[in-house]
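Both complexes shown next keep chain A, but they swap its partner, so chain B is in the first and chain C is in the second.
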Partner chain A sequence: MSFFDLKGLLRPLTGLSQFGKNPHTKRMDVLGQDTADRYRGFHYNDLNACIGCGNCSTICMNEAIDMVELAAEFNISQDKGNSGLRPRVDYGRCCWCALCVDVCPTGSLNLTKEYDYVSPDANSFLWTPGVDNPYGKDQLSFTSSVETSLMNFERIPMRELEGTERVKSFAEVVLGYNEEEARAEASRCISCSLCTEVCPDHMHIPEYINAIAKGNDDDALRIIYDNNPLPEMCGKVCTRRCEDVCAIAVRGEAVAIRWLKRYATERAQTSDLIKEIVNPEIQEANGYKVGIIGAGPSGLTAAYYLALRGFDVTVFEAKRFGGGMTMYGIPKYRLPMDSLDKQIGYLQKIGVKINFNTRVGTDITFDEIYKKHDAVFIGIGFEKPWKLGVEGEDLENSIPAVEYLRMINNEEIFDVGKKVVVIGGGNVAIDGARVAARHNAEVTILYRRRVEDMPADWEEIEGAEDEGVHIHPQAIPVRIIADESGKKVKAIEYIEAEMVAEEGARPRPVPIEGSNKIIEVDTIIGAIGQEADYSFISEEYVNKIELNRGRIVTNDQQQTSDAKIFAGGDAVNRTADAISAIADGFRAVKGIEAMLLKTKK
Partner chain B sequence: MREKSTTLYLGPQHPGITGNMMVKLQLEGDTIVKATTHVGYLHRAFEKLIERRNWMQSTTILCRFCVPEPDPPEAAFALAVEQIEGREVPERGKYLRSLVLELARIQSFMLWYAGQNGSAGLYTVGQWSVGDRNYVLDLFEELTGGRIYHMYIWPGGVRRDIPEGFEDKVLHTMDYIEKRIDDYDRMMFDSAIFQKRAQGVGIISKEKAMEWGVVGAPLRGCGIGHDVRKDNPYDAYDKLDFQMGIFDGGDVWARAKVRQFEIRQSISMVRQIIQNLPKGDYLNKMPNPMKWTIPAGSAYGKVESVRGEFGFHVVSDGSDKPRRVHARGPAYAHGISLLEDILVGENLADVSFIMNSLGVCPPEIER
Partner chain C sequence: MGTTYSKEEILAQQLQTAFEHLITEVVRKDTVFAFATKEQVSSILLYAKEKLGYISFVHLSCVDWLESGEFELVYIIWSPETKINLFVKTRLDRENPSMENTDMIWRQINTYQREIREMFGVEFPGFVGEKEFILEDWEDAPPMRRDFDTLEYVNDTFFEREGREDKQDVRERIAKRSGEEIPDFAKKYSRE
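Entry: the complex of A and B
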């Protein structure tokens, strides 16, 4: 090339070909002139779909998102499983990475096409998405579907015995997670703590799940024993309201909190091993004596934590074994005997004294307990079944479910025959049905409302159906027909019902006239509810304890109107499940401690 | 008469400097006697920040290592993490990654057109190429939701599948750009002014290039064929047909020729990817990001960026956060030791010109 390279000097003039053409200020025709459908602009949050789990705030590494209380101001529901908090974004920090969108379990938080905002006021860059830009609803762009979300919406399936295999024995149906499954399931949790709020006992759920996810099973057990002394029982049969409010459950399957607790507790296979791992600190004896009536969940909980705090605790139990309803009311295929033995054995090793076969009122008087102890805790549960209120109920072979379950669990014999009808739709009804099915009976459940209205656990209902139990919804028993001898049950007459919507209440079943049907049965098991039996308490004290519709009235520390008497469990709370009973026991410990130790000082 | 020596500070804020850094020049007349680089104006401690973020959060800071080229760091990190964790990437994910990486090369080449010509005083091509580059950024916007920072390549694959009709838009844009770079070439490579400015300027010898770990276009401009995509194929590169641009001379001209050749290769690769895009999953999903742990171990993931080999050495101690992430980019070798050496004896007016030919990215030096 020489300096006088004419071609090289003239070539730049080819640029004149662009003379007069428009500059590139517009997008190419094929792309359209709007921002892209996935554009990552300002946030928009659907305030009603959001549950305030705070996952967006957790993932944001710029700390651009904080959670603010909006419930009162914007009429946001603060139901169970909704914290009432909503994200607020600082656009001075946000980098529009949209991880908050991809980890939002509900899909309420999305990005919009809007990207343009100018203001001289630095504080005005704090936006509460959905509040400050309600119009964002129509401008959604970068969104997250179940497919693109980073959350894992599918639960690790639980291994179970086959339905046909189950009915042959009382072997435990649920097989439990192995280590690998537990780690994988635990890693689905986002630690939002919505579950902790709704758990009656406020168990430290995210903490122990986190420990399991990290492989620290011992830590998990210690965390669990912090406020639940019967966790293996809960791990098998808890009504698990925590899972109903799980943030993952909004768009997927809830984290299997119950099965994870079960996994952590089953790792310690003997009561000695529990003691070795939990290794609780037991305080020096403080000289106070507490008597506890009933070795059910609430009584045992109070006993355990009182014993740890240096109280001299004695439990009085009418039956041969401890556990209360969990021992006698829950079939062994759900909660095996040795599991309860192990847990109660651990409590005894810590120093809880349990006097079995000691019925208060018969073997020992309530007065004696009251006078010998500094405080008394009543955890007697609901043992007396409600009557069906139909003709023929008192015939032989018509038995309340709790009574039937108690006999079976106590290894007594009750022949249900070939055909069984169970009346009711709660967990007790399903238990009764599944136990009868294990005795080769053909079982039908009659329930007055629809299947979806059944208060029983859905897994229990499915389990029963797998085992061949027939559920007949919208059927109300009319009368029980006796055989020729007039002593035994021969058949049951029921009437079909239709559901009538009722304002402000759930639909009501109304009998359809003329739809009466009769089916032949050998046994009828009634399971429509239970109540407490206070006959063991002498009149002097019964009058002191305030009752409300059969339940003992207590303050928030489980103290009854007699300051020395505390109460908990089914006899007090309306939920009638084990975890509420445990929560009652735990609260009572605080109440008893406050009452006794405060007076000491 | 003895010539007097002058000291001149070029940068840190100077249109001729790529990013923010400073070159302290000692001059005799217009000739450089000594050049000293000063960095530290862009230090944001990326490597340290990553240690405090969990694995998922880390993925969103990587793009900030280099603004003109945000995708190679994402890909290198993903490769390293996948190697430690043993996470497979679905075939479609691999192709989409290569697509993004090649589109990133194309837009980065176009930015280079602007810098290389601008620093020679030839502004027209720069105006065109930056304008045309926006069409590639539009594609990124369609695909990832962001124009510059894509946060798109994740360990295990890519973040989203391509939107409907995206393939046609890509092909259409490629046709347009291919036509346009012919215009650039006429204005640039055919121009006597550019030839005069580029030939024999900023020469790197073959030996020095080997010794100092020069990579990318500067290395291939010394006649040495080295490209991570060829030597250690990752993602879909083993299934794509392409060639390295190897030119002799070691000067700015040779480096420009390498890039002129490779932008066309990239366009060809994008077309191949679109034609052969396999069906199936695009992401092998990681566990919940809040609880995502990577087994203890370490790995080096490297990719070919426009500026050369870019890699991350990632160390995990088995927890939910990286123990250490170390970036090895071309900018340190090119922008500090090499630049200081090859500037000696050059003309003051060529400092920016040479710097632009090396591909120096200061934030990557100061990670």
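Entry: the complex of A and C
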């Protein structure tokens, strides 16, 4: 090889022959690298699905999440069951552990694939997910599902008697939680307190459930008695609107708030034990006297809290036992007699005087009560049943459900025979049907709308079906047919109906012409509603109390247009359930206290 | 015809034959647990690596069983032949937890031991490795222990960013909106 190798020097230049020609290779497309499937980037919150329970904020160990009110333009729901607050994240603190997503009961909070954000202003790292990144909904990555969530969506099942076993007696159907079950069920609660707003009485639900979860049943009972003196009754038969808004219920089964209250109250087995555990502070007598008409839930509530506040309270009750509709209207397989006895016994031990068998208007005049007391509370309920308004309803063996239930609960005898038809779809109708089923009758319920329109509790409807009650929806009674004697019921004629959608209202049942059917029956039980009976109040007072469609008009402290008269319960509120009556009674206490004690000063 | 055993059952039997009183459990396909005393662990790891072909070290982690006063160390190793993940688990006393150094079997264990020493406070006497792993100048309790209050530490250590003053408490807001009066004795059960 010579020193000067010309060939070697020039060979690389041969490449120049390709100069200006198209390349043989192809440029590869630049592929954006996608992030991992469950990547944990910035949060995204579906603002409409979120209910503002604040569980994300509570779980965050870095205190990165605040619950804040958003501007009006976002139209955040302020309804009951929604706190109206939404989470805001401080990304200076967030460590992307995603526990907030794992504990979100609604599944509205998720993490996205987005992770890069650059700003020289450190304070701009405060983001409200869903507001600051509305596009995030298309980038979801670490999402929450019922399977992966750390929430416990399944309720501890309640033990019950078998349907076939139930109809044999009036034994209590629901058996109640034992200690282990109650602790487990209570620990499902996330203490968000959305339920308390829906409860008419605003009971301290998360507090007493938490006390049960922590194993302190005595504290739970004390918290419950803070604003409800008949909690065991509520624990068994409350309409429990609280459970409808339970955060867990969005994707699972609501915490069994009612059964937990029942558990806590049943731990105190006698009225003496209640007194020992609750051990309320009773204030010194203040010299004022309050008369209460009706020993139902509203009257007893007013009586209890007035007695604790030093008032001299006397309750006038027409019947043999206290409890009002909860005593006479609710069958004993749902609310046993000794349970009510225990609760009312406790109220009497605190100093509430109850005069049983004292009907106002007959045994004592309203005038006398009014003049002898500094304030009067009327809690008379709805006792008078509505008429069915069909031919033949006054025949023997056609009886209103409230009357039938009252007789059975009062241990009177009413023979319903073999075949019974109940008319109506509320809890009273179902109660009537289930009681009749316990007297060996074959029971059919006629209801004008669909089963899903029934105002009764679904558990009650299911219970009735388990016990062999037949429900015939979309059936309107036409007339009741008498037997040869013309005195007794023989059959009922009804007409089937179809549901017609109506704008702005629930569908209306419209009779289908020619679909009339007749079924033979021994007894017809009507349960289409009740109203109040004011005949006991003498005229001079009736005119002073303002009524509106059969209900007494009160202000927000249950005061009627006569300043000395307060009222509550079914005769006042629209919801007509026990817990609303208790709430009325509790409010009236504040009203009476304000009226009497302030005037003194 | 003799009984046929799955590869997982065979592994479990091999380990039980070699080590006295060893409890094994075939958890599912490709997963076998071995519950060992802390003295047995290094022998099991070495035996599995040299004799059974479990040549790949996957993971070493620690679980804090606060209620029973124990830490659990979990060594996960894998064999490319059987494709089984073998979990060797052992429990340590939570007071003064210490475990034999095993980084001479697999060098990677060194890093995991450093992490566990820092995060759980488990000591590995005789092992050489930097004292600090992620935490700098840490004087508090090991932070992955369950009794370490992260929230308290965070609140003591970091200041709150500007603009967070408008935060609200859900419980208070609901009570205010509905006019509920929560009695003082009940407040200790409210959400914190």
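Odds and ends about this structure:
By our rule, the second predicted complex is superposed on the first by the 566 of 601 C-alpha atoms of A that agree within 3 Å, B and C clash if a C-alpha of one lies under 4 Å from a C-alpha of the other, contacts with A are read in each partner's own complex, and residues count from 1 in each chain.
The rule is simple: contacts are C-beta pairs under 8 Å (C-beta built on N, C-alpha and C of every residue); 3 or more make two chains touch, one makes a residue touch a chain.
These figures come from a predicted structure and were not determined experimentally.
With both structures placed on the common chain, the touch criterion links A:Met61 to chain B and to chain C. Judged by the touch definition given at the top, the superposed model places A:Ser191 against both chain B and chain C. Judged by the touch definition given at the top, the superposed model places A:Glu69 against chain C, while chain B stays out of reach. Once the two complexes are overlaid on the shared chain, A:Ser83 sits against chain C while remaining clear of chain B. Contacts of A:Ile518 after superposition on the shared chain: neither chain B nor chain C is touched. In the superposed pair of complexes, A:Asn210 makes contact with chain B and with chain C alike.
In the superposition on chain A, contact is made by A:Cys97 with chain B only, not with chain C. Within the superposed three-chain model, A:Met28 lies in touch with chain B and out of touch with chain C [touch as defined at top].
On chain A, the surface patch touched by chain B in one complex and by chain C in the other comprises residues 58, 61, 190-191, 210, 214. Listing the residues of chain B that touch chain A in their complex gives 53, 56-57, 60-61, 122, 124-125, 127-128, 131-132, 134-135, 138-139, 141-146, 149, 151, 159-160, 163, 168-169, 172-173, 176, 183, 186-187, 190-193, 195-196, 199, 285-293. Contact residues on chain C toward chain A in their complex (touch as defined above): 150-151, 154-155, 158, 161-164, 166-171, 173-175, 177-180, 182-183, 185-187, 189-192.
Partner chain B is touched in their complex by these residues of chain A: 1, 3, 5, 7-9, 11-12, 14-15, 17-18, 23-24, 27-28, 30-31, 35-40, 55, 58-59, 61, 95-99, 102-103, 111, 141-142, 148, 150-152, 184, 186-191, 210, 213-214. Across the complex, chain A meets chain C through its residues 52-54, 57-58, 61-63, 66-69, 83-85, 88, 90, 92-93, 122-123, 125-126, 190-194, 196-197, 202, 204, 206-208, 210-211, 214, 219, 222-223, 226.
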